[in-house]
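Below are structures written as structure tokens.
In what comes next, subunit A is part of two complexes: it sits with subunit B in the first one and with subunit C in the second one.
Here is the complex of A and B:
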């Protein structure tokens, strides 16, 4: 028997508060006191304003791949026996607390399929990511607020896609119907709220059915690799698509599937830490080599790499999996309105010309 | 009126294009937004647009690829560019600092009644449902699938436009459309937001910036969109050797970055507001530069980007300086 509860809209805050005593709770919320302002996932505290009515500006990847993370701390110690000798002490501060993300969207969770392939499924397993991933549960909203920039159905997802989710949230007019989809999520719902009545239950089922039939986006993302290879050296193509690019990092930082990072040793005197932080392939320094050579010296090569990585290299390496979850954030946040759908969509158009 | 102006723009560009290397302008990509275009062939001219949705400042492209693919040859054709009032000041500043010569640009000046900030529109209308948008008699008229919304233009204008003193291009070869009267004529109205913040106690100001800059994701869109951030790939915040800034993303590091950005623009910033417009986290970063601009104006009587012949005060060196 499925475990379901109904949270009345006016009881949401008290239910979330109760939930936050069971597990570290993260919800989408306003990051600024402006209802149309930027949003992101934040740890729940009473009184916070949830933003369930639209997709967040920032993705939830920071929960699994923080923008900055200390991989280890080190300390050089002088050897009292010989002043020229030093020893190094390492501290490896791994910890991950059980966490629930309440109010993710299908696209947000879908993106984790890509991150998992890279960080969890080998050949190189990232223990930091894996530990957090294992400890994080997702309560996902059946999405009713897709807009003209969304294209989740084009990349294998959909507004009601629950792959990777542990709980399903259906927004009703007067509240939220939450259903446990996996056994480990069931205890979270205990004593939170009453089971839904039959009419709400039926309405929610109807909404889920409708949402799962909705086709969001019509971008053809199948087998882009050959077309991408044909386009690879057509500089005119890339110039016509992305000359306006500013080479900033917005698209990569708001992207739920962009996972590139940089590692720096930040030392002060004899102590320091090894820091992992988000990097962006849109930056000049991303590919700058020690020799001074840069294989991607301009924005054209850099944007081309972004498209290639998501729609050609990842699919080829991981049996058709895409490096894109169709959330449309890169389109919405781009300062000069570059639309990746246009760049990908045109790959196949007359790509053999020239 | 917009239609007439657009036709005039198309006609002027059509006449000029054979003598140009390329034409930089805007094209509509969404009912509320535009994207920059780089036009080399006559058949693309019809995609050019102008008006209240043309928010991007195109002047920065003059010092970046594709406009700056190679050092300009003596016989290089000029680059055509569309500029609003504020954009024209960035262009003047680039000329002042010798990043580009006056002869290298053919300026299509566009008097501007203010640009629409889509974030402010989102307070009134669900953006995803917008079918069409137009400005008529200082009212933004938006059609969505069910109804027509009418929003006073002042409510959705970009913040920088509300205190704009130079809506008409300060430099141009061709003027498209009729000149408009400025919204602001003095420092009081232009620096209203700075004054408002300055009036608050220190603790409150600190708390304000801490909370605003906490959202910064260090994507550097503000820097890259700035037409006068000319160091570009050699920016101090990213150099590895020497490493001036850490990769930490705490508020102090973000503070440092934003103040480096602002200080490098002291006496150079023309207040075009690009840094604030492009911020995905809606941080009012132009305010920091506005404060510096105000100091410049009060202490030295100087505003950047108004006179191509003027030397910016911090670019002068007087060995006999007595005031510092």
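Here is the complex of A and C:
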């Protein structure tokens, strides 16, 4: 039996508050006290106003892959003979608390298909990611606010795509209809609000149906790998696409599927920790070797690698999977208007001309 | 290896050998006796060596799996981690995540003649396979090693050369320029390769050295009639995770840390990407 509730708009705060006593609750909200400012996912506390009316500026990847986290701790201790002995301890990855993300969009959750493949499905399994992933549920908004930068339908998703989601949220004029899509999500809806009446239920079903038919974006992402390989050596092509790039890295920072990271040691006196932090392939130092050699010395190679990683390397490596969820954040955030759709779309156009 | 691939095992430096002015060799044992006894690897596989507080770097395990008293790494001083490694002494503890990567296809090389071409520190990854072959000498045909360095003072493993020769290896040593007391060959590695001209018939060539040497060795091997699948090398990249996740060591869709570091030249051509 499907479990559905209707949350009236004026009761949203009290329902979220009640929900937050059952589970760690994260919602999209303003990151600063500025209504036109950036939004992102924050842990709910009473009084926070959700920002359900637009896609967040920042993706939700930090919940599963924090911007910085401790992998392990180490300590040097002097033994009676005066020599230093090392002890190391894992930073326990089992600490992940049950968490619900309420109000992410289809594109946000679809990005996890890519992250799961890389972090959870081998050959090596990342226990820190997996522990958080296992403990996180997603209540996903059927998206009604796409803009000209969105292209989720071009990468296998869509505004009503529920792959990876546990609950579906449909926004109505006077509130929200929430439906459990999986058994483990049903208890969350108990005692929160009434079941929807028939007319709201029917209206929600109609909105879902309409949304699932909507085609968002018309980028052709099929068989990009051979086209990319064909273009690989054409420096003029890449130069024309990225001549204005500032190598600022914001495209990777806001990207829900960009996951590349660095590992560094931080130490004070005789103890310290090994940290993992977000890194960016847009930076010169990312691939700089100790010898001074750098396989990707200019923004041309670096941007080419970003496009290749998402549309050629990941598909080749992981059975056709794309490294892009079509959210359009990199396009919206780019200070010099580089549009990845144009770069990918042109891969196949006249690719033998030079 | 434990089930957290980021957690190194503690190991203790047993011996440090100064090979050249900027290359040192470390011999390690894992502190956990059971781990050390159970430790298995393929020649050519690598390890992430950590000095806690400075960081990790990737090095090939250059002792062979047939010699299990210690695990050996040769480190050229280049950056932050390698400089710190050069300060280590016997008794110091380090971390080790190993074995990682693919290793050499030594099974398919059985029954073949082998040519090793090494330059400078590039001899390290070749050494593990060379010693493995010496320890299984009957499985392989002629083994010729052409090893070159700038001068005799820049040559690694000089103390073992007699053992290699006694193990049935045709060892050709060369330095770039005449040097007082030097009785072996003089000349660049690619030139000496042409003079030796080992037949490509039923032979595998394993090449490792500085990029400029590789470039000319490759050219000369082709001239001698070697085909791409017959030529094997090991690639280097900046690495962090060592397990194909963190993203930085890719060449095309391949990760050098996970799919490599050993590749044949036809594989390298097929993968594309920046080297």
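Just so it is clear, the second predicted complex is superposed on the first by the 341 of 354 C-alpha atoms of A that agree within 3 Å, B and C clash if a C-alpha of one lies under 4 Å from a C-alpha of the other, contacts with A are read in each partner's own complex, and residues count from 1 in each chain.
The definition used in the following text is that a contact is a pair of C-beta atoms (placed from the backbone, for glycine too) under 8 Å apart; a residue touches a chain by one contact, two chains touch by 3 or more.
Since we're looking at a predicted model, the values are computed, not measured.
Placing subunit B and subunit C on a common subunit A by superposition gives a fit, with no clash between them.
In the superposed model, A:244 lies in contact with subunit B only, and not with subunit C. In the superposition on chain A, A:134 makes contact with neither subunit B nor subunit C. Once chain A of one complex is fitted onto chain A of the other, the partner contacts of A:222 are absent, as it touches neither subunit B nor subunit C. In the superposition on chain A, contact of A:262 is made with both subunit B and subunit C.
By the document's definition of touching, of the two partners only subunit C reaches A:291; subunit B does not. Here the vertex is the CA centre of subunit A, and the angle it makes with the centres of subunit B and subunit C is 90 degrees, a multiple of 10. When the shared chain is aligned, subunit B comes close enough to touch A:148, but subunit C does not. Of the two partner chains, neither subunit B nor subunit C is touched by A:209.
Shared-chain residue A:272: touches subunit C; no touch with subunit B. With chain A fitted onto itself, subunit B and subunit C come no nearer than 6 Å, counting C-alpha atoms only. Residues 262, 264 of subunit A contact both subunit B in one complex and subunit C in the other.
Per the touch definition, subunit A reaches subunit B in the complex via residues 31-32, 34-38, 57-58, 67-68, 145-149, 239, 243-244, 246-250, 252-254, 262, 264, 266, 275, 277, 280, 283-285, 298-300, 333, 335-339.
Subunit C makes touch with subunit A in their complex at residues 3-8, 10, 50, 52-57, 78-82, 91-93, 95, 211, 236-238, 240-241, 243-248, 250-253, 258, 272-275.
Per the touch definition, subunit A reaches subunit C in the complex via residues 71-72, 74, 76, 83-86, 88, 90, 93, 118-119, 123-128, 229, 232, 259-265, 267, 272, 274, 276, 279, 281, 286-291, 293, 295-296, 301, 305, 308-309, 312-314, 316-317. For subunit B in complex with subunit A, the touching residues are 29-30, 33-38, 56, 61, 65-66, 119-120, 122-123, 126-129, 215, 217-221, 223-225, 232-233, 238-240, 243, 246-249, 274, 277-278, 280-282.
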